[in-house]
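Structure provided below as structure tokens; questions to follow.
So that you can tell them apart, the chains are marked A, B, C and D in the order they are listed, and the count of residues begins at 1 in each.
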Amino acid sequence: MFELPSGAEIQNIIASLKAGAGSFIPEIYLSILFMALILVDLATKGRKPILLGWLTFAGLAGSMFFIHQQHQMEAGELFFGMYVLDEFAIFFKYFFVVSAMFAVVLTMADRRFDTEVKSIGEYYALIVAMLIGMVMMAAASDLLMVFLSMELVSLSAYVLSGYFKRDGRSSEAALKYLVYGAVSSGLMIYGFSLIYGLTAQTNLLLISAELAEHGYDPLVMMLATLLILAGFGYKIGAVPFHFWSPDVYEGAPTPVTAYLSVASKAAGFALLLRFFYIVIPHGLSPYEDIAGSEWLALLAIISVASMIYGNVVAIWQKNVKRLLAYSSIAHAGYLLLGVIVMDSIGTQAVLFYLLSYLLMNYGAFYVIILISNRTGSENLDDYRGLGRKMPLAGAALTVFLISLVGLPPTVGFIGKLFIFSALLSKGSLYVGLALVGIMTSVISLYYYMLIPLNMFLRESLEPNEREQNPGLFANVLMAVLMVLTIWFGLFFEPLSEFAHYSSALFGLSFY
Amino acid sequence: MEQLTAIGINHYLTISAILFALGLFAVMTRRNAIVILMGVELILNAANINFLAFSKWNGGMEGVMFSLFVIVLAAAEAAVALAIIINIYKIFNTVDVSSVDSMKE
Amino acid sequence: MHSLIQLSIAVLLLPLLSFVILIFFNRRLPRRGDFIGVGILGTTFALSAYIFWTVIVEHYDPAFRVAWDFTWLDFGNVPGVGPLQVKMGIVVDNLTAIMLAMVTLISFLVHLYSTGYMKGDKHYGRFFAYLGIFTFSMLGIVLSDNLFSIYIFWELVGLSSYLLIGFFFEKESAADAQKKAFLANRVGDIGMWLGILILYSQFHTFGYQEIFQKLSAGEFGLSHAWLTAAGILLFMGCVGKSAQFPLHVWLPDAMEGPTPVSALIHAATMVAAGVYFVARIFVLLTPEALHLIAFIGAFTAFMAATIAITQQDIKRVLAYSTVSQLGYMVLGLGVGAYSAALFHLVTHAFFKACLFLGSGAIIHAMHHEQDMRWMGGLRRNMPWTFATFIIATFALAGLPLTSGFMSKDAILAGALGFAQTEGTWYYYLVPVLGFFSALLTAFYMGRQIWLVFFGESRTHLKPSDPHDHHAAHAHDGHDGHDGHDEEHGHHPVHEVAWNMRLPLVVLAALSIFIVYSPDPLDGGKGWFMKMIPTPATVVGGEQHGISEAFMAMSAEEHGTAAAPEAVQAEAAAAEDMHAPAAAHAEAVTEPHPSAASGEHAEGHTFADPRQAEIAHLTHAAHNRAIQISTVMVILGIGFSLTVYAFKVIDPDRTARAIRPLYLMSYNKWYWDEIYQATFIRGSMLIAAMFSWFDRNIIDGMVNGIATLTRKFAFLNGSFDKYAVDGMVNFTAFFVNTSGGVLKKLQTGKVQTYVVMVMLAVFGYFVYYFAQLVS
Amino acid sequence: MLSLIVFLPIIAGLVILAVPSSQKQIIRMVSLLAAVVQMVLAVMIWQGYDPSLAGITAVAGGSPEGSFQFIERLPWISLDLGSMGSMNIEYFLGVDGLSITMVILTALVSTIGVLSSWTIQKQVKGYFLLYNLLATAMMGCFVALDFFLFYVFWELMLLPMYFLIGMWGGPNREYAAIKFFLYTLFGSVFMLLVMIALYFSVIDPLTGNHTFSLVAMASQENYIHDAILGPENVMWRTVAFIVLFIGFAIKVPMFPFHTWLPDAHVEAPTPISVILAGVLLKLGTYGMMRINFPLFPEVFQASMYVIGVFGAINIIYGAFCALAQKDLKKMVAYSSISHMGYVLLGLAAGNSEGMTGALYQMFNHGTITAMLFLLVGVIYDRAHTRQIEKFGGLATYMPVYFGVVMIAWFASLGLPGLSGFISEAFVFVGAFSSEVTRPIAIVSVLGIVFGAAYLLWSLQRMFLGKRRDDAAYDLEIGEDGHEHIHFHDWKGKLDLDARELAMLVPLAVIIIFLGIYPMPIMGLMTSSINKLVQVLAPVAMAAIN
């Protein structure tokens, strides 16, 4: 039954691997960086956390060069269909690398790392490991690759979120994340096995072709979909697969929270987009297909539930990180709206939204870290009167939050604009979803504004404290992020062109 | 009769489903973190059985490869998980996941 | 521009100048600038007199009319209408000339009088400023050539009235009265405004002349009822301003203002503006509207007269008499006695101003004592005042040889003629009420004269209660010249100075018959009635209530055949189309610009047969009216003498005997109380309700939604805690009972999460399965 | 020119940013300078404006030139959207008769607002930063002709307003600020959806692309037939109209969406109340005239009656609520609701008289209400209370203040000779002339009486009569023997001081002048209004022509 390959075949395989490796340089580079970081940490014995941080930062920045080179390469499959290279994947490579760089910067800014952990060594390495996983998630085109990359991300994330070993909440976060993640990936792999059973393929393109050609049992297909969705939904943090996220976001070190909420979520969406767009058999128009619309209905339910649940529950939060966790659930809902549209505008909208989310969410978490350095707390009540003591931080945080609400002239508004444009470009089909999105974003204003409300409208409990300057670097960074958030809200052409350019998925027929 | 006596794909799938259900049951009801991990292993192994069965009946190596990777990754996951659970034990003096609930709502 | 127009503009604007100068600079001017006010008004009067001389005396032309206007607002080329402009302008005709002269004369006299009366007041200069803006607004009403500007000036006189009533605003009663006056007027104004809107909506113009022309051309696109409504609504303005029932309540309270103001505004000019306005729009009033006007006027005249007989305050008696006399004028217009009503307007203005100024002199001399019960015997101390007062009283009561006799008689004759024309019995209520009011008028004026001027001084009888002291104190704003008001009761009473006497004399002189007519018995022979003829109506409509015989006669006389059936048919058709109505207008209501020039039985031709008949019968009723009214007046005076001079009847005992009637009169028919209980309380109640509604329901709804959202959020937030936990507990319970080991299983959070996911996944799967099966 | 007038305050804001926060006077002067220059620019635009050009829609062929004036049109964003063609957002400014009046009003009220802000002592720098941001956003809204740009400016107003109320407001400011924010955002987010839907439904005839240009949207022939808001899609057009209307109505504010207004006003500091009532409310009705009605004329035709009814409810309900208020500022706030009802009624009439009245009323209400709030602020500064029953007899002691109050109060109750009268009068003229709104006009006339009632009553209670025993001030006998009053902890002049007069007198002069001769402002708007009426009634017009 299983025959060994002949010599010529082996030669072919080796050639193909070599060719694939040429398109795999960023990942290889990052893997080397990962190992280098461990080595450097061993060499410095963890005594030079700043050096390590900057090294990571520089290393990540260097990877951009290799990623940039990939623009010249032709889109195609690598490693026997395990992996693809397309503009979509390149976009996410940039995205994740930038995310990781932000995470590094945030880590260096967070004073809790000085007190909570003795050695920061593996931390940066794990950030990079998670980055590799995510990069691969965005490019995986085989169920196996999907599973592997997701597990790589998950395992790194478990450790990262529990990185403050002596902090009970951090450990608790890790435990919950672990249990939840393990079960979810178990469900997903079970779903994969059903898909494999239906089609005898693990390659996404081949699965799609198989499904289109031979049809399928809708019940099994739906079960498989649901199970797979449990895995993906856990990554993007959408209702009802979101339960881990508030606890983990609250308990994990803040940079990790930010990293999870932006990068991990984006990775989930990369996977979701690729998986759903490619695997679902498409007719002329994706939403005319019966099975497809079933999936879409499912996604629509999840999306609506996420928007409502996330926004509504966030109102009650007293902890800023937890509040942002719920808000990130809601944002997953908005992003899903873009996925549901199932065309290039939708993809573009999702990509743009992710970009805007990257900017504003990291900005918000950065300010939260700065404030936490000062107050040692993320409780809303401790934000009272801070606007007066840290005016720039207050202003910046307000801008980021306004952007998260989606008010002009911020980049978050443009993100929502694209999402809703994508929905309405389908005529009256998705107006209902757009309405839900619109209404819940009004609700979101309320809780987002709780933070500026406490910072500016309320008096500090200790009124005599003087103004505190978080340092030149922090100020500059905050200002730059703030200006960027507004700048891209007004002149978003480069971002949206980039998103549009990157919305090309390999192997997708309906473009 | 032959269908009943000969072991067919449905047998595999049934076993797998039972394993899956048992795993889920363990995850949902057991308090001990280690037992929950074992439940997860059951789920993964249920999937493995599926993969192998489909691989045999559909003809192709993908399922086999898949299950190999799953086994490996399950081991890796167990390693990480045990580390975390040990840490939890250090802090909370328990491995009862239901008592680790300082963050809620 | 016609020189008269230029003069008129000067007449109009000079008082405004006075206002502007005085309001800003009175404190910097010597004597607070009163000479500016008096001087400007003197000039104004001189100019008006010149206009009067030119128009009425020198070059009388029945059709005299000069107008000038300018584009005030330009709406451009309005879709559906075409070029649309709103013009403002002034018009001078015979009526205007008379009114100008009258208003400026009285205003000038009041200015002069005020230099004495108001002397020493804290806001002496401001007072003249207010008089200036009032005169300006009043002249504006007189000169306006369109409804829009008349409305503007209408409200502006309302403002000046508001300011002047509340001149002593530190008194709560004055502040109440000014507010009441403004609001009551506003109620009337909105009616007037709606009337204007009805006309504008059809003609897209505010100008009288255009409206009348288009109306007579039958361009009114709405039904006859709308036109009647327009007339009645416009009349509502008059109801407010001329204090007709049911909006009469403000005028007596307005006596809180300084007495010269009462004379100028609330007796002579502003309140007559309502009558003037109705006269201006007389031609568009439909018969139905006129009927209503007649009844309102008659009722007001009667009601106010009954109230006046029991009032103790000298000014209040005069105030109610003003209301009553205004009722006569309105009645006159309503019955079609147009000239008579306007004649009465003018005569009343003079004699009532004289009475008010006279009462002001008395009050001034009595140190702000207004209650007639504590007066008496003043004829010896104040002979000038007494003489002029008595002349004016005769005029008001309608004794022969006075102006009032002629004008009131003309109105009553018109009322008789009207009743005869209409025929039905209830129309006789109008003249009956009129005559009876004449009796009452004579009675209460006789009472007043006697109480004030005859007998012995009763100053010492006045109980000195604290309330009284308070009232006196409230006046301290303007009696700086006698800064010892605590002794006011025991001061010798002197005649007032010349600047207050002169106006009295002039006004009394103008109350004598010879000024108006050579024949003391017939005003119709006088210049006024001749020069202000009844204008031709511009409305058609149902001609009900007119005897068929008269229709025939009318048809004969005019050589036109307008059968009632045809008229009605056309009027009905006019509701949706213009053309038939135009034909109708040609047949019946062709306006005659020179209507007054034609020589007819009464010196006029009448386009409207109904008006013609009324005029005809009025002429016939003239003598009978004279007889009845003279008898009534003599009866009234005689009765008052019986009671107060000869004391044959004790008024107090009589009052007790007819206590309900007495109380009703004394309490002004309880209108204030009724309004207080209904409209004012009602409004405040509604306001309170709305406010509550706003705070609790509307806001409550919003907050409720917010609360719900939060509650929902809470549910969600603790969904795990209660629902999910419960379910898990149940699962655990199930397991445990089967296992039989533990009573209670504490489930960990993470696991509930997993349960939740599984529930969702399988829930949807079951749902899908069910869908697939079905 | 328009860019300058829009962004001048922002530039001032940037300058302020560079000034150390201790230099309060410099910060104020910079803001004042910007406002004054803005006003000069507004006057220059006014002078250069040709009132014969109509605006509203493009001239034949689709070009806004020759219809709008002071046009500034630059491509801003041009995106390739693949299958949907390209997305074009323009930086497109221009004025016509609708906006020029509002530009003048905004410049005027902004300047007055800066003067009024002189009393702000807390965090001056932050205050003026936000104030200038607000000024830019308001001005931008009125001159933006690209829907996207309009929306950006529209939303940009919310945040500064939120902080200005929330940080410098009264005791209950948090509630008022968030209420304002949520309410207005609720209205505007739906606008976002309609904006997007319109974008996909409209083609700019000049370029053949989808466009956000309001000028293109105002011509019905530019709509794609089978688009979501295309001419045949009656249902969605109706929905879009209603949604837009609610969005704008919240800003007006129209019953039953008005409850944010009293709260916001009561809590807001005086200058912000002035801005809020003077300019922001106008944005609602301006939005209706610029966007809501001309884009969906047939729906407007069908809903005139309903709009009129809401206008009447506003008028009467607002007046009654004002009558019941004990807080002077709340009363003025409700009077705003009542007066904005006139605007709605005039718009509902759909004819030139009504619309002119409405637009003129917007201008007049801006000046009059600004004055009212300034006057409330004057007394609040002195007495630290606004309860009407805490005053009495003020006319005697503060005669100048009383004089100005009389002008403002009587302007507000629509006294002829003052500007408010003319606009209200023509609102009624228009509403009555239109057969649809005639019954509503008849009912609404009651508002004139009740408007007078609450104003006169408050006037009486506060200014006439004598001092009450529990008044917020003490009586004392001065050196000259006269009675004076004395407010606790008020050091300044008892009667109006020079700064207050500098704010109030120009407004009073404007109110009186425009009450006597309205053409300087009204003349600007007539051709645009006539054009608007034509656009709104295409069917009826076709029948007439």
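Criterion: a residue touches a chain if its C-beta (ideal position, glycine included) is under 8 Å from a C-beta of that chain, and two chains touch if they have at least 3 such contacts.
The shown structure was predicted, so the numbers you read here are calculated from the model rather than taken from an experiment.
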item: Chain pair with the higher count of C-beta pairs in contact (A-B, A-C); value: A-B
item: Most centrally placed chain, judged by C-alpha centres; value: D
item: Between chain C and chain A, distance of the C-alpha-averaged centres to the nearest whole Å; value: 77
item: Centre-to-centre distance between chain B and chain A (centres being mean Cα positions), rounded to whole Å; value: 26
item: Centre-to-centre distance between chain D and chain C (centres being mean Cα positions), rounded to whole Å; value: 36
item: Computed distance of Cα centres, chain D from chain A, in Å; value: 44
item: Multi-chain contact sites of chain C, meaning residues that touch two or more partners; value: 717, 720, 749-751, 754
item: Residues of chain A touching at least two other chains; value: 175-176, 179, 183, 187, 247, 316
item: Two or more partner chains touched - positions in chain B; value: 24, 27, 36, 97, 100-101, 104-105
item: Pairs of chains satisfying the touch condition; value: A-B, A-C, A-D, B-C, C-D
item: For the chain A and chain B complex, residues of the former touching the latter; value: 1-2, 143-144, 147-148, 151, 154-155, 158-159, 162, 165-166, 168-169, 171-176, 178-179, 182-183, 186-187, 189-190, 192-194, 196-197, 200-202, 246-247, 250-251, 316, 322
item: Chain D partner contacts - residues on chain A that touch it in the complex; value: 343-345, 348, 388, 391, 398, 402, 407-409, 413, 416-417, 420-421, 424-425, 427-428, 431, 434-435, 438-439, 441-442, 445-446, 449, 452-453, 456-458, 490-493, 496-497, 500, 503, 511
item: Touching residues on chain B, where the partner in the complex is chain C; value: 24, 27-29, 31, 36, 96-101, 104-105
item: Chain D - residues contacting chain C, complex; value: 183, 255-256, 258-259, 262, 317, 320-321, 323-325, 351-353, 356, 393, 395-396, 410, 415-417, 421-422, 425, 428-429, 432-433, 438, 441-442, 445-446, 448-450, 452-453, 456-457, 460, 463-466, 517-519, 522-523, 526-527, 529-530, 533-534, 537, 540-541, 544
item: Residues on chain C engaged by chain A in the complex (per definition of touch); value: 709-710, 712-714, 716-717, 720, 749-754, 756-757, 759-761, 764-765, 768-769, 772
